[in-house]
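These notes open a run of structures that come right after.
Consider the two complexes below, in which subunit A is the common component and subunit B and subunit C are the respective partners.
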Partner chain A sequence: MIRLTGSELIELGKLYALANTPPSLYHALAKNSSVRRMRTEMGPAVLAADFNRFSARDKRSEVSLGLAYATLVALLTHPERVEVPRTVERLKWGRAFVELAKSSGLVTSTRVIDALQYRVQTTTSPASPLILHPRQD
Partner chain B sequence: MRAVISLVAQGVIRDAQTNTISAFNILESLSAEGLPLFVPNIAYFVLWEREPNEPSIREATLNVRLEQTVLISVGARIDFQTFLRARSINQIAGLVLPSPGQLVFEMMVPDGPRATYTVTINAPAQVPPPRVEAH
Partner chain C sequence: MIRLETSQGTGIDNHQDAELTHQVLALHKQLKRDHPNADERCDASVNYNCHGLTFASRRTWVFKPLDIAMILDEDEYTEIPDMHGTLPGDIVVYFSEQGDPNHSGVIVGAGPPLIVPKVCSKWAFCGEFLHSLHDCPPMYGPIKKFYRCTR
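Presenting the complex of A and B:
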């Protein structure tokens, strides 16, 4: 986990406390500078492990829940291919966040065409390439 | 499924960190100084959107034609993976335009939507020959 300052943690707690719907919290966190830092400085495996740790805490405060949701958003919007943690249901809005990430995600295919030699080269860059597990109901 | 954005620019790039797209020098027309006109780089961008119940992979064709002449025709798969939106960036290098006219870029899905964008290629301006006056 990257080092977050006290004010950054309080900011995450405030976002959680003030959010009234899953989309409002998801989009506020997706734009948050701490979440952006987590996304760029941490790999998906570390984020997933941290999310499991934060979401498993018995004693939950606004800050700890804000941190857990922030880690989940950083994971779901990570540029590398990630697996959605099975423990996502531990958070009340966890499944809703996965659906939001799915609907706001974008895949980019880049095709380079050499018109003179008629050669085509294609690459694909998934944005938040979720691997979704079937629900364990 | 539908095309939300369709445009041609000199360059279209994706920021790997923020996953945002930037297009620079969007082309509406090109004025040739001479023909044939050589276009070293040109990019055609399409943003596709599908409904959740529609298939995630669609086989499409990318065509570039000048009036009735097909310059490029290649297969272009649109793969949404698990998402509802997909971007296609088609970077074309070394396009040779032999004559003025309507340069049409299109991505077509058989029995499905079609994205299109037209760039007008203007003929070179007629410059009167220099007049030589005898003294």
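Presenting the complex of A and C:
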């Protein structure tokens, strides 16, 4: 589990909102410090579970989409063997991200993963209306 | 998605986003503060992106790097080797270190006495800006190539 501050979440939303193409977003997120922390401090099953949760949200915003894409990039660039959830299709550029990771040899297969033990958690709510609620359980 | 083709009739993948959020509007205002020398041409819009402005008359999002390469080829764009050789109406494509066309815009001011071309481009979900060549978000990439449609 890692904690993301409001400014870190807003930065993810900014990258999403400024990206014109899937590769530009993928590479910008791969270099982002929050994504690097997710990659180094979280396991792939945890990241996949978080991705499933973030991408399933009905009400989407640039910040929530930025967070979902960030989690996906952390998963796809994880040093351990990566299995990609089929739920990548929930994101418009999810499949393109998998193809980008495949082209760099990071992804080997596609499979649904149901690990729900950990999560990304916010420590502060970003300035309204950029609300991402931490789980209370 | 709308019907969109190169001049040779090859289809160009595209999409139109539906919802403009206040997060984007807030980011657009932030960008104006971050780039005080850039002039806002119009407010944020989700209907098209930079490549949609440059290659599709502001109608839709053009987002696949291979499609950009195809457009440059099939619409017979010729590369201009030096930015000092550009003219208004030429285009600039911003590439990443990996060679991905992350961004594009239309040259609106160029040549003496201007040293650096002035560009009109749209910053993804945010608005259009008139800005000097280098005065845009750094994620768009360090490599700039200039093209002229000679068809």
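Brief remarks follow.
To be clear about the criterion, the second predicted complex is superposed on the first by the 104 of 137 C-alpha atoms of A that agree within 3 Å, B and C clash if a C-alpha of one lies under 4 Å from a C-alpha of the other, contacts with A are read in each partner's own complex, and residues count from 1 in each chain.
Following the convention adopted for this analysis, a residue touches a chain if its C-beta (ideal position, glycine included) is under 8 Å from a C-beta of that chain, and two chains touch if they have at least 3 such contacts.
Predicted, not measured: the structure shown is a model, and the values here were computed from it.
By the document's definition of touching, of the two partners only subunit C reaches A:Ala28; subunit B does not.
Shared-chain residue A:Lys102: touches subunit B; no touch with subunit C. Looking at the shared chain after the overlay, A:Leu18 reaches subunit C, while subunit B stays out of its contact range. By the document's definition of touching, of the two partners only subunit C reaches A:Lys92; subunit B does not. Touch criterion met: A:Ser61 reaches subunit C, while subunit B stays clear of it. Of the two partners subunit B and subunit C, it is B that touches the larger number of subunit A residues. When the shared chain is aligned, subunit B comes close enough to touch A:Thr40, but subunit C does not.
Common to the subunit B and subunit C interfaces on subunit A are residues 129-130. Looking at the complex, you find that subunit B touches subunit A at residues 14, 16-17, 19, 21, 62, 64, 71-72, 74, 76-96.
Across the complex, subunit C meets subunit A through its residues 15, 21-24, 27, 30, 49-51, 63-65, 96, 98, 100-104, 123-126, 137, 139-141. For subunit A in complex with subunit B, the residues that touch the partner chain are 40, 79, 102-103, 105-118, 120, 122, 124-127, 129-130, 132. Across the complex, subunit C is touched by residues 13-15, 17-24, 27-28, 61-63, 92-93, 129-130 of subunit A.
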